[in-house]
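Below, each structure is written out as structure tokens.
Each of the two complexes below includes chain A, the first together with chain B, the second together with chain C.
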Partner chain A sequence: MVREKFPKFVFMGASLLSVGITLAILGFMVALAYPLFARGMFWKMLIQPWSPDQDLFGLGPMIVGTLSIASLAVCISLPISCGVACFVGIIHPRGKGRTLRQMVEAMTAIPTVIYGFVGIFLLVPLVRELFSQGSGMCIFSAGIMLGVLISPTMILFFIQSFTLVPQPYLNAADALGANTVQKFFYIVLPCAWKSMATGLILSFGRAMGDTLIALMISGNAVGFPGSLLDSARTLTAHIGLIIAADFDSIEFKTLFVCGICLYAMTGIGVILVRFLAGKGRVK
Partner chain B sequence: MKVNKLKNKLKNKLVWVGILVLGLAGFTGLCAAGELDVFAGENQVLRISGGTAHIPVMKAVARKIMTFNSKIQITIAGGGSGAGIKQVGEGLVDIGNSGRQATEGEVNKYGLKMYKWAIDGVAAVANPKNSVKALSTQQLQDIFSGKIISWKAVGGEDKSINVYTRDTASGTRSVFWKKALKKSDITAKANVVVSNGAMKTAVNNDPYSIGYVSVGFIDAGVAPLALDGIAPTMDAVKSGQYKVVRGLFSNTKGEAKGLAKKFIDYLMGPDGQALAAAKGFIPVN
Partner chain C sequence: MKSSLWDKGFHLFAWGCSLVLVAAVSIILGFLIVKGYHTLAPSLIFGDTPFWEALLLRRQVFDGLFPAMVGTLCLIVLAIVFAIPLGLFTGIFLAEYASPKVKWLFSLVFDILAGIPSIVVGLFGFSITLFLHHCFFDRLYPCLLISALSLAFLVLPYMIRTTQMALENLPMDVRMTAPSLGATKFQNIFYVLLPASLSIIVSGIILSIGRCAEDTAVIMLTGAVATAGIPRSVFASFEALPFYIYYISSQYADHSELMKGYGACLVLIFICMILFVLAHWIKQRLAQKLLYRS
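And now, the complex of A and B:
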């Protein structure tokens, strides 16, 4: 009996602890941002611009920056990941596909700072010369680099979801004389899109949460970005830049609002994933 | 008796030899180490963080000390002046560097003691390929506030100006903003970088950039811009002709003591001051 109960107890404790910590972090951020809530600044901060000299501590530009960079990263990464996953999972499951898959797996091990470095010395000058506008440190560059960063996660997730397609369906399609493209569009996509969407949302969360690439190559300007070639600041980079401010200043307190925003965005993502996964199971 | 005499003579000789050896050792020691002697026998860790302009000198001093006594560990981190003051105040580091004086609030809150060991200029810099080499204060203000957006307006190529600035916790920024820009606005479109080193890299990489760095960081990679006709050279900073200057401070919580005190004393001594001068700063002693 004891031997059965003991592991149960340990695992229960571990999971309660991790849930507790996650909730405690939220509580901690809300508590520290409370002075701003109390003064009714919180909602205004979500849309106002950032200009400490004029007593404006809005995070609007950073929220726009975060969402636009992460969306662009997903837009760039999605077709690439789809293509690679299709190649590896359906067209060449062995041989070439296997080598490619191993390469993708190796890619997940590259540290973010390397991408940032490559971005600064190769991509940024290229973008600057190509469009001859701005410094090259912009949403576009950061989006491309983040797209590369998240694609391994997305590819592996997609391959995983392709393997969930029931083999008899594929055999039936083969028997009907379907070619690979038809098989992909009529069998694989309808069966796998839900778990693919889950992968998409998780990658979006990863792109949103990344700090270093945004900090190194998006330019960090505090204005509202007007185009893809404008310099922009993400919430994560903002935290990295403002953390050195005086503890008692309002600037420093806004960091907790940044934290809450990121928490909320990721939270919405996770709820969406749950929703999709739940629907998948009903079927 | 005879044996005793001989013994005495030998003793005398030995004493003389001993004195000679000791003297010689002391003399060579003085030549080789001198000011570093105080670090003998220490085996602690000294943590330093803060102002990024300070880093080259900090590194050079730390290398000297750690070569002399390899049991001492000195760690040097950046983070900017604000971070330096905050971290030393909270006791996270032993010495917090800042490129500006700590504010009255900061000094009172943490009981900081400031040690000024060098004077430094802050200069506007552009890419070396840029033909613009001088600006007036008015032009500089207009460029940083976003009123002038093309290099053509100040006599350069017809290319848009990419403005680079530092985060608000930077001492370099606060001095440049106060003394060069006279507290006029900095455009929200300006790119923000996190250290003097990152500023140099950014300006060096971007042919149409303008930014500002500590004079100690200027080398062939970035071209200093003369302000109102005065080039930000070491001589101009020293003579007071170039006005955008600030002190470089190392701060401790309360009076410096132990290894931190020895470090700061060494920094203020002839060796440390020579190193500061070698890195492009004006020594104070």
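And now, the complex of A and C:
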């Protein structure tokens, strides 16, 4: 009996440890940012600008920067991913589509830092020449590169959700003489949109959480960005840039506020996904 | 007629998008290859040092990628050693022991862990180091061990998910045979279920290795530096390939250093692709085995 119980406790201990780590990450950050909560600065910081000269350590510009870069990336990636997913999932399920799908899968293995590197030495000069304004390190460049980075995630998710559409429905549509576009809009989209929305949310989370591309090619200026060609700093890049190891300084504590923001945003995304999945499972 | 026009437009749109994507990938890879292929030589990795002396660690390599590659290797090995038992056990618990409610809650937590940006995990590692440094060990600085631990936390959810999925998708007859012969639950897991799902788990582990090899954000905050040589202990700082690429892109001094950056990019892509193909191959072989057995 003991021999049966022992493994169970080991397995349970391991999972409790894993859960503990997840909670410890949040706990650690809240604990280290606690003085800011206690002084009631936390909520104000989320909208204030960043100017240490005037004792303002707000993260407003970083939050705006994060959201604008991630949204631009999703806006670029969404139509392309839709098109590619239709190509692979509906128009050419074999042959060309399979090759394309393998390429998309291989894209997931390309390291982020590579995208950043190519962004710096290829895209940034191009953008600088094209718009002849600023250094070329701007929201626009970062958004494009990030769009390329998240498209494999999105495409694979879309293809996955197309396969959840019941085959009899598609056969029925074929029998009624529907063409591809009708099949897509009247059968596939109504059946698969929830699962596609899941993919969209997860890709948005991925775009927000990416550090290297934003750090390398968005320019990292701390002002509120005014246009797409302005340089901006994201929350992730802000964490990556700070080297101050002084436990007591406010600059150092703002890092943990960034961390809490990112944790909260991605966490809400995951819970939203859960909610979508629980409501309408296509099976 | 109108609908056929729509149909054509739709096809055109799908073709166009696919071409844009293929073009983007080709441009990215082509750019690196065109700029960097002539750096691909033994001297890129070993510098001026003869390679057998470098491999035997008899002489230090100063102007090559060798220390960065060794650093990445050490990092991967350590991180995977930490992550495998934890991920495997947790996956087994979720698939075989947990009640539906516990499973729901725990997998929600692991989904959140999977969604946490890697830089936040790095920040966690960094703040733990500072905390320990202030409170317990004066001589602890960001180092290989901390980086490896943080990376292990990063890949943990993938490991858990793969193990859980592999176990849950086993067919009923595989699952039932051993218990009907009188095996205990643990014997069943250890002798039947785990071996049967081993290839999927292994391919998941290989994909996790790929993630360890490419991640930069975590190690940036937890101890990777530009020049450290080969790490002497787990408490030393280290070099790593992705960090080297990042460092070169922002701080390169001259043309030859930049060229070495291109070379490093190609080496890193090559390593990641090999890992990816390996994982794929193992999965495919499993699929074939299942196909021909039944």
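Some observations on this one:
Just so we're on the same page, the second predicted complex is superposed on the first by the 263 of 283 C-alpha atoms of A that agree within 3 Å, B and C clash if a C-alpha of one lies under 4 Å from a C-alpha of the other, contacts with A are read in each partner's own complex, and residues count from 1 in each chain.
Please note the rule applied: a residue touches a chain if its C-beta (ideal position, glycine included) is under 8 Å from a C-beta of that chain, and two chains touch if they have at least 3 such contacts.
A quick note: this is a predicted structure, and the numbers were derived from the prediction, not measured.
Between chain B and chain C, the partner in contact with more residues of chain A is C. In the superposition on chain A, A:L228 contacts neither chain B nor chain C. Contact with chain B, but none with chain C, is seen for A:E251 once the two complexes are overlaid on the shared chain. When the two structures are aligned on the shared chain, A:I120 is found in touch with chain B and with chain C.
Of the two partner chains placed by superposition, only chain C is touched by A:D210; chain B is not.
Once the two complexes are overlaid on the shared chain, A:G136 sits against chain B while remaining clear of chain C.
By the touch criterion defined above, A:D53 reaches chain B but does not reach chain C.
With both structures placed on the common chain, the touch criterion links A:I25 to chain C but leaves chain B unconnected. Contacts of A:G267 after superposition on the shared chain: chain C is touched, whereas chain B is not.
For the contact definition in use here, the residues of chain A common to its chain B contact set and its chain C contact set are 120-121, 240, 245, 247.
The part of chain A that touches chain B in the complex is made up of residues 49-53, 61, 120-121, 124-125, 128, 132-137, 215, 219-224, 230-231, 233, 240-248, 251. On the chain B side of its complex with chain A, the touching residues are 79-83, 86, 105-106, 159-160, 162, 164, 167-169, 185, 187-194, 201-202, 205-206, 208-209. By the touch rule above, chain A contacts chain C in their complex via residues 3-4, 7-8, 10-15, 17-19, 21-25, 28-29, 32, 79-84, 86-88, 90-91, 100, 103-118, 120-122, 148, 151, 155, 179-182, 184, 202, 205, 208-212, 216, 236, 239-240, 245, 247, 255-256, 259, 262-263, 266-267, 269-271, 273-274. Put simply, chain C touches chain A in their complex at residues 3-4, 6-7, 9-11, 13-18, 20-22, 24-25, 27-28, 31-32, 35, 85-87, 89-90, 92-94, 96-98, 106, 108-124, 127-128, 130, 134, 153, 156, 160, 184-186, 189, 210, 213-217, 220-221, 242, 245-246, 249-250, 261, 265, 268-269, 272-273, 275-276, 280.
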